[in-house]
Structure formats: C-alpha cells, structure tokens
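First chain A sits with chain B, and in the next complex the same chain sits with chain C.
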Partner chain A sequence: MRKRNSGKDRLITVALHVALAAGLFFAAFPIYWMLSSSFKSNTEIFALPPTILPKAFTLEAYAAILGDPVKLRFFFNSYFLAGTVTVLTVLIALLAAYGFSRFNFRGKGSLNTLIISTQTIPPITLLIPFFGLVVSYGIFDTYVALILTYLVFTLPYAILLMTGYLNTLPRDLDEAVAVDGGTSWTALWRVIVPISLPGIVATSVYTFLLCWNEFLFALTLTKSTSMRTVPIGIQLLMGQHAFEWNQMMAMSVLGSLPLLVIYLVAQRYFLAGMTAGSVK
Partner chain B sequence: MTRQKRSHHKLKRAVAPYLYLSPSLLIIGLLMLLPMVTVIAYSFQNSAVLRRDPSFAGLKHYQAIFDDPVFWASLWHTLYFTCMSVIFHMTIGMVFALMLNSDRINPTLRSVLRVLYILPWLFTAVIIAVIWRLLLEPNGVVNSMLMQIGIIGSKVEWFSSPQTALHAVTFANIWAGYPLFMVSLLAGLQGIPKDFYEAADIDGAKAYQKLIFITIPQLMPIIISISLLDFIWTMQVFPLIWITTGGGPIYSTEVLSTYTYKLAFSSYNLSQASASAVVILLISLGLTLFYIRYQKAR
Partner chain C sequence: MAEVVLENICKTYGNNFHAIDQLNLSVEDGEFLILVGPSGCGKSTALRMIAGLEDITSGSLRIGGVDVVDMPPKDRDIAMVFQSYALYPHMTVSENIAFSMRLAGKPKAERKKRVDEIAKTLQLTSLLDSKPANLSGGQRQRVAMGRAMVREPAAFLMDEPLSNLDAKLRVQMRAEITSLQKQLGVTTIYVTHDQIEAMTMGDRVAVLKGGVLQQVDTPKRLYESPVNAFVAGFIGSPSMNLFEATMTGAELMSGAFAIRLQDAAFVRRPGLKSYAGRKVVFGIRPEDLYDSSLESGRKYQTIPAKVTSIEELGSEHIVHLNIDAVRVDSGDPDAVQDFGLTSNAVARFEPDSAVRSGSAIRLALDDTKLHFFDPETHLAI
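This part shows the complex of A and B:
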C-alpha cells in the first residue's frame, strides 16, 4: 500500500538504517571492546589513540588465566554449583508444578500467590539471616551453604515456569494412565516427563544463568579462595593485580562463554526462560 | 474397584498434591519465610547474630537509621538510579523494538541485529561493571573519543568524581537492562492484529497516529508489568554499584543495598543492618502487592 519510491520514503528508510547503526554501536561496542582488549597487551589497552583492532595480537592474558590453578578453581566452582542447583531445582520444581497443574486442593490459590510474591524478595534482606543461620550451623564457606541459598532464589520462578508448561499439556494423557490403574506418580514419570523436555530445558537454562551470575551470597557466605566463584574471582583479580586489564577482560570473556553458548544454541528456550514471567 | 479401594484411591488423590509440593514448601518455608521473620526479629535486638542472648532494643535501630543522613542519601540515590533506569530501559527498548519490527529492513539484517541488540543481557553484572570501568577509565576509550569529537575538554574521572559517579553507574545500568523491554515489546508488537493498522490506513492515519492510538495502547499491559518488575529488581541492584564505585566517592553512589551491606559486613552492626533490610523489604512488598493486583486485574 505504501508508495515505495517517493523521495520522502527513501529518506525515512535511510534514517532508519542510520539509527540502527547507532543502536548497534551503543549495544555492541562495550562488548567488542572487552573482546578486543582481552587480546591486547596491558600497555596497548591504554594506547593513544585507542587501537580498535589489537595491533599486537596476543593470547598472554588467556594463558595467564588458564595456567593459574586458583582461577581454574573459580571456574570449577561456578560450573559445579550452577550444575548441581540446576538439577535439584528442576527436580523439585517439576514435582511442585505437577501438583499445581494436575490437582485441585485447598490453599492452591494462596500458595500460588505466595510463590509469585517470593520472586521479588530483596536478596539483601535474606542475606543477614542467612549469614546468621549459615554460621550457626557451621556451614560457612561450604558448597552446601551456597546450594541451599541458590535453591531458594531459583525455585519460585522455576515452579511458575514449569507449571505454565505443564498446563499446556493435555490432561487426557495422564488420565489414560489412571484408567490403566497407574498412580499419578507413574503418570508423571512415564508420560509427563518425556514430553516436558522443552519446559525442562527452559527452566534449566534460567536456573543455570541465575546461579552463574550470583554475586552477593557468594561474596558473603564464602571466604577461602578455593570456594570462590567466577564473579568473585573477577572482583579479586581487580584488587590483587593493580589493574591487569587484559587479564580481567580475558576472564570476563571466559566467564561469559556459558551464557553466550546457551544463548546461541538454545535461543528459544533462553528467551522463554527469561521473559515468561513478565510477559504473561 | 471395590468401595474400600475407591475410597483409598480418593484419599491418595487428596494427599498427593501436598506430597508433590512438600519439598518446595519446605525449602521456601525454612529458607525464605523463616529468615524473613528472623531478620525482623534481629532488627529489634541489640547485637543480633553476634551475641547468643541479645537484649530487646525496641525501635532503637530504626531510629538510628532514620537519623542517619547517609540513609536518606542512599534512598534518594536508589530512587534516582531506579527511576532513570526504568524510564530509559523502556524508551530504548521501545525504540529498538519498533526499529526491528519495521518492514523497511531486510529480514536477515533484522535477525542479525536482534541478536546483537540483546547482547548486553547476556553478561553478568560483575562483568558489566568491569567492562564499564575499563571504558570509563580516565585514560580510557570513552574519554578519548569524547575529547576527539570535542564534547569534553579534559579527561573526566567518571566513577571517581562525586559529580558524575551516580550518572555513570546509572548509565551502565541503563545499558545493561534495556533488552528485557526490547524482547518483551517485540513479542507484544507481533501480537497486535494486522487489521488494526489496515483499518487505520484506510482512514488515512499517519505513522505517528498509528503509534499513539494503536501500538502504544496495545502494548500498555506489557509496559506496565515489565516496568513494575524492572523497578523492583533495579531497586535491589548490588554488584554493579559495588564493583564500579563501592558506593563512593563520599557516599555519592550509596544506594540502599550497599548501605545495608556495609552496615552488616563492614561495621558488623547486624542489628541496624537488619532494620535497614526490613525497610527495603517493606518497600519491595508494597510494590509487589501492587504488581500482583495488577496481574490479577488483567
């Protein structure tokens, strides 16, 4: 319907593309700068005028990070914690979601509201009592303390996400199992779980990201270097090495890899996990 | 089935949901609701956590916080940081979503740009903080570019001067947070029925009229619910500020979360920190109630 070739129309199209380029610069330049700095020497990072492409391309920063067992431990801790919490969260959330989706019971509505509202509880409010609890149970500076903490933050949204997914699955499937004399437990594992994979993947992605990014509790509930995670490691690097910027950038790139890979491989699930709660 | 078996089955059906929910409820009850009660209790005790038999303090710690000018400064900074962030997240997210949704760009370019525009979302707060520290270093690339264009005459210490620090952290947070709006609004735009626009075209509506009378009203529910969530979450931001400025220089970027953290883990005044944490909780709960009401009304 639009008259495509009028001068005014062409002008609008050109202006739109200029704006898109400006937007691209705004969105991507900081990340490009991180990437390019990670391949520079520390002196080149502050060269004047700034070098857009590394003039002397070097992997020394990556070698320094990957050759240091202390830093490798940060990565191990992050992967281990995020992995463990993801498995636990998905299992526990799946059970709860099944309960919400397939049964009617007293208090269902208020429990649902409770779970929605726990999503917005400020982490800093829970930090102080957690610190008190963790110290008094003698689990300060352990994986257990962080795993329990992270579960609390991942569960509510994971439950909502899984419930939303299970609600889209037809009920006849599990009713068929009941007719055959099977229990709801059998129906869950034989019928529901195998066809819930998309929901499980979206929940896992969301949980993994949340754990991978967590900073406040990892900072406060751990102390020894061997218990620290990647975000804390980056902060420590900033303090120790009086601004080895290339190493900080290399570690940031390595620390962003899981998120980037997940996003590129499972974009659909990633977006589903990150926006489901807010769009609905 | 015999009658006995059937009633047995019914009982199982009645108990089952509670069994399925019990692990979650146990965790949420013990590790979320109980700690909330605990932190409220701490705020009324002297030397909470640190002493085994703390004495009752009444409202003393709340009084101390409300008498502390740094608390009020933090509240104001939190409000500025949060409002500016939400407004710009919404504006930038909307502009990007509308641009990407335009039929004037070719589909390949559109999908490439969509991935690139989402980029800031894929980075952890700590990494975002480190990136912006590098960019905004006095000898860094941003100063160098701005001086070349002639916008600034000399190097600006963005994060370490009290005049610019709060704006600088807010800017970094704006950069980090717009993709949530962009993605949600893009999804919303695709859900607006095409015939609305066709009808408007027949009536001879101009582009801006379609935007004001069709697009924005249709997106309103998304805009409101995301703004509320964004407001609640931005209010709680900690790592970005902790790593870029640590609340300084001279409290100029102190927000409620860094203020509370320092009370608890630098001054070890856990009682007063609890009082401050309860204040934050009450603000969040107020906003959450509002959010839930809005969601239910829809």
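This part shows the complex of A and C:
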C-alpha cells in the first residue's frame, strides 16, 4: 500500500519537474539565445542548421557597438533620461507621499483616487495628445519632452508606492522630531528619508526600468539620431538591406547589464528592516 | 522648570465627540502629576495637547506663565517620552540624545559634554555608539528618557513610558523614574492606565473618565476618600467592592444579611441620614474584608458568603466570593477582570487563611472602612 503510494508520488514529482523544466526552458532560452548570438559573427547567425554554441567565438559585435560614437550616444541618452527621471520621480513622489501620509487636507481622498485612476489609462492612447503638446511647446526632439512625459507615467505609481511605505513608519517619529525642536521638513529629511531607503530603492528601480525600456514615446517624440535611446538604437540596426543580428543582440546584452547590476545592488535594501529598534 | 496650568481645556472632534471636556488642572513647579484612567478616557489626548501634538479646541494652557495654545511643540519648552520610545533608528544612542541640541545649533563640544553627563546618570555610557536595534527594552526606555532630559525642559511629558516593558523591569524603572524626577525636580506629567504606577509614582494623581476630570488628589487621599464610585473602583487593586443596599435605621439591609453601622459613620457623613429607608451604594475594599476564623477577623461583624475561587499569591490570598447583594458597576471597564463572571466580591485574606473554594464562610468586615455613594449620581456621601 505504502509502496504503491510512494510510486505514484514519485510519478507526480517527475511530471512536475518536467513541467517546470519546460517552463524554465521557455523563459530562459531567449536570454541564452541573445547571449550566444551576441558572440557569433553575423554569417554564423544565418547558418543552417543554427549553431547552439558559437562555433567561432567573437567579440566583433561588441567592438562594433562600443567603438561607434553614435551607438554610445544611445547608451548615454538612455542613462541620462532614466537617471534624471528617476531622481525627479523619487524627489517629487517623496514629497507628495509625505503629504498624503502625514497631513490631512481637503480633497485628499479624491486626489488619491485620481492618482490611482491614471494607472488605468493605456499610455498609447495619450501618444497623439502628447505629441501635439510637445510640438506646440517647441520641445520636440529634446530631452525635456521625454523627461516630462516619462514623469507623467512614473509619478502616480511612485507616489502610491512611497505613500504605502511612509504609512508603515510610526508617526511617533515625526512627533519626536517636533518635540525635539524640528519642523515637518526636518522630520522628513533628517529622519524619514534616511529610514525610507527600502521604499526609495523600490521606487527608483521601478522608475529606472520603466524609462530604460520605454520605446513608444522615445520613438515618437524624438527624430534625430543623437536623441535616440537604446531600445530605438536596437531597432535602428535593422536596416533596409542588412540585419546586424549579432550587434542587435550585443546591444541588448549591454542594455540589460545595468538593470542586472541595479537588481543586485538594490537587493539588500529590500531585505533589510530599516526601522528595527525604533519603537518597542 | 515651571508650572503647567490647564483652564477649561476642551477637545472636540469633527463628529462632535468630546475627547476632553472642560479640563482644569494646575501642576505645580517640580510636581510629579499622574494622569490616569481607563483606555479611551482622554488622558493621552490631554498630554498630547499639552505637548502641542494635538490642537486645543478651546481653553487656555500656560507653561511657566506663558500661554502656549498657539505655539508649535518646539516652542513650548517641553520634552516628551513616547510609549513607543520613538527612537531614531538610524542614529546611535549618542546621536539620538543629542538630536535636539543639534537642531538648536549647539556646538559639538557642548553637545558631547551634555550627552556624557546624561549617559552617566542613566548608565548608558557604554552604549553611546550602539543603534537602538541593538538595545534591550529597558535600555531603549532609558535612551528615550535621556533624549527628554538633554533639553532641560520646563516640563516632562510621559505617555505610558513603561507599558512596553515586562513586569519585572517595569517595577525597577518605576523606581528609577521616580527618583530621577525627584533628583531633577522638573515638573512632570505622566500618563498611565496602570493604577499601581499612579499610586506609587505621583505626588498627585488626576483621574479621568470619558474626558472628564473626576478627582485630583494625593494617592493616599484618592484611596481613602474617593469622590465617586468610579474613582473608588478604579483606584486600588483589586477594585473596591460596591453593592446596593437599603438603609434601615442604622443598618444596611441586603438579601439575607444586615450590616450594623456605628454612630461614627453618621457623624462623619451627615448626609447619610437622609438615605434612611432608601437605597444606597456601599463600598468596601478587599483589604477591609477578613476571614472570620482568623484572629484578625474576630473583632468584626460577619456576613454570609460563598467562596468561588482562591488565588494564592504567597503573601496573601485573593479570595473571590459571592455575597447576597447586587453588585454595582463603578464604570471601570477593567473591573470585570477583578470580579470575573461567577463572583461578585473579592477579598484579600492573610496567607494562613484555610478557606476552600466552594465552601460557605462567614466574611468579617471592618464597618468603619465602608464607603457610601448615592445610587443615582454615584457621588460620595
């Protein structure tokens, strides 16, 4: 009886593992293919049957990208935009969230609902109105156009995220600062911000990723090559006559690296309980 | 150092809920005043209004003669110890204590000197570089005290500072805070729901209920002459036994028993005579009830009672009883814990009492220690 049961259990375990392996393969293969293709020559990429491992390992695709100032500019643009938007988003969201979390004011509830409701609008539906606005402001094909539009998309969620985090911090801390002789401003910068790092990191990572991966608005609101970002740059490698697959893959790898690094660095903040020892 | 005077202080919330109603209280310079009451009585609200963390709806508040109603907390010259301690988790003990001096722009050398002095008083010197997370509950409590002391304020405000500590440490810190307060001589207002803290720590105790001040007096006088049934029930542990009875001549009649009153009882309370033939509430503390089979109980009159349960504490027995009388609710929500569901009276017997759970006994009572209250208003007679 027991034996038969364990045999059945084993069968279920095996089936589960096979299913999980299939799932893993489906998720991981594209990443593997990106990596392996980036180390092939363009001719090897078109070889039939395709090679699973690069037959002739080469860094020519990487050299082509890192040696080309135009393509490096794509990286600079992406870093600059994502970095600026992240800093601005965190600053503005922090102030807004502190207001939502610590003060009562007229219309607080409806304002909160409004912020949440903006999340339900698909960005693509706003593309045309934004385009018109950007052109009439005379900021078409500039960083400002992209920074402003990105802020519109990052801020609502960032504010919700930060408000949720600040709500977990005891109000006693703000009151202790008030009694110790500080203002709300002192409480925010000297106490709340230093212990909000996990919330700030989560918001930053979210914002950075959103900007780094953004394609639609970057494509529409800029025109000149010097204003393009990495996702557009990858697409630009698909020329009319030539497909630089290995370069596209190398650029994708280089484009993914910062995200990987951010995750690794930020990880410990997600785990650490920053307020330990404050109360009780 | 200064006196704190509250005049007709009211706190009304949007839904017309009166958290504090016409509070008048004068705390003298250097006095240790306890604000006590059951949860929700408004004691913390009152303290937070003095601190400036809560708006005052109406009334006047003076600290050291200065009207502070419209001042922010930082200008009121007060320091506060929070129930949660509210230590800044990212700062060391020394930074926590010195924070207010830093905000005030005091030079580093002065800050260090002051922090060192305080650390010495509070025995925190070896912990100055630790973060709050690495401290024990008692140590955190002392850091919170240090943070308040560093400012040399006109008044200390303490909001249940010991409620997060375990029972043993609480007893120790109770003594430490009391002696520290005496040593510093700073006016202190201390909020607690624990009537033992109230009785042991304060020069005077203010009892609040439902936002209304019931009585302000020394612990001894509160215990001996409560102004109403609520204060009588709230102060003292276990609570005072309160019952309804009928005054018949010089006797209290209830069910199967009668308690004879001596002339002195009427001399001390001239009003008691007018209750003749009417209902009255009488109260007796558990420590004024005796086991009639013991020497200590022989000299008193007795009434019949049934023992429901006994808690043997070593130094005394807390005996839960049923007597043939209707118990009166003092309005203290915690009182039910003292009496439980099956008994209506509680007594403290000496440890050599041999009464058994379930047995019928004669309960001796010291009739000179009876308290009397009006059955309608619950005011003392």
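The definition used in the following text is that the second predicted complex is superposed on the first by the 256 of 280 C-alpha atoms of A that agree within 3 Å, B and C clash if a C-alpha of one lies under 4 Å from a C-alpha of the other, contacts with A are read in each partner's own complex, and residues count from 1 in each chain.
Just so we're on the same page, a contact is a pair of C-beta atoms (placed from the backbone, for glycine too) under 8 Å apart; a residue touches a chain by one contact, two chains touch by 3 or more.
The model shown is predicted, which means the values in this text are computed figures rather than measured ones.
J.: Applying the touch criterion given at the start, work out whether A:Y62 contacts chain B, chain C, both or neither, answering first, second, both or neither.
T.: In the superposition, A:Y62 contacts neither chain B nor chain C.
J.: Just chain B (first), just chain C (second), both, or neither: which does A:L24 touch?
T.: Once the two structures are laid over each other on A, A:L24 reaches chain B alone.
J.: In the superposed arrangement, does chain B or chain C reach more residues of chain A?
T.: B
J.: Mind working out whether A:F39 is in touch with chain B, chain C, both or neither, as first, second, both or neither?
T.: It touches nothing on chain B or chain C.
J.: Between chain B and chain C, whom does A:I195 touch in the aligned arrangement: first, second, both, or neither?
T.: A:I195: touches chain C, not chain B.
J.: Quick check on the superposed pair: does A:L126 touch chain B, chain C, both, or neither? Answer first, second, both or neither.
T.: first
J.: Once the structures are superposed on A, label A:E175 by its partner contacts, choosing first (chain B), second (chain C), both or neither.
T.: second
J.: Kindly classify A:T186 by the partners it touches after superposition: chain B alone (first), chain C alone (second), both, or neither?
T.: In the superposition, A:T186 touches chain C alone.
J.: Report, in rising order, the residues of chain A that make contact with chain B in one complex and with chain C in the other.
T.: Touching chain B in the first complex and chain C in the second, residues 183, 274-275, 277-279 of chain A appear in both lists.
J.: Contact residues on chain A for chain B in the complex?
T.: Touch residues, chain A against chain B: 1, 12-13, 16-17, 19-20, 23-24, 26-28, 30-31, 33-34, 37, 45-46, 48-50, 92-93, 95-96, 98-100, 102-105, 108, 111, 113-118, 120-133, 135, 148-149, 151-152, 155-156, 159, 183-184, 212-213, 215-216, 220, 231, 234-235, 238, 245, 248-249, 252, 255-256, 259-260, 263, 267, 271, 274-275, 277-279.
J.: Show which residues of chain C lie in contact with chain A when the two form their complex.
T.: By the definition above, chain C touches chain A via 51-53, 72-74, 78-80, 82-90, 99-100, 103-104, 131-135, 137, 140, 147, 151, 164.
J.: Name, in rising order, each residue of chain B that touches chain A in their complex.
T.: 12-14, 16-21, 23-25, 27-28, 31-32, 34-36, 38-39, 42, 48-49, 95-96, 99, 102, 104-105, 109, 113, 115-127, 130-135, 137, 139-141, 144-145, 148, 175, 180, 183-184, 187-188, 201, 222, 225-226, 229, 232-233, 235-236, 238-239, 242-243, 256-257, 260-261, 264-265, 270, 273-274, 277-278, 280-281, 284-285, 287-289, 291-292, 295
J.: Mind listing the chain A positions that touch chain C in their complex?
T.: It comes out as residues 170, 172-173, 175-183, 186, 190-191, 194-195, 274-280.
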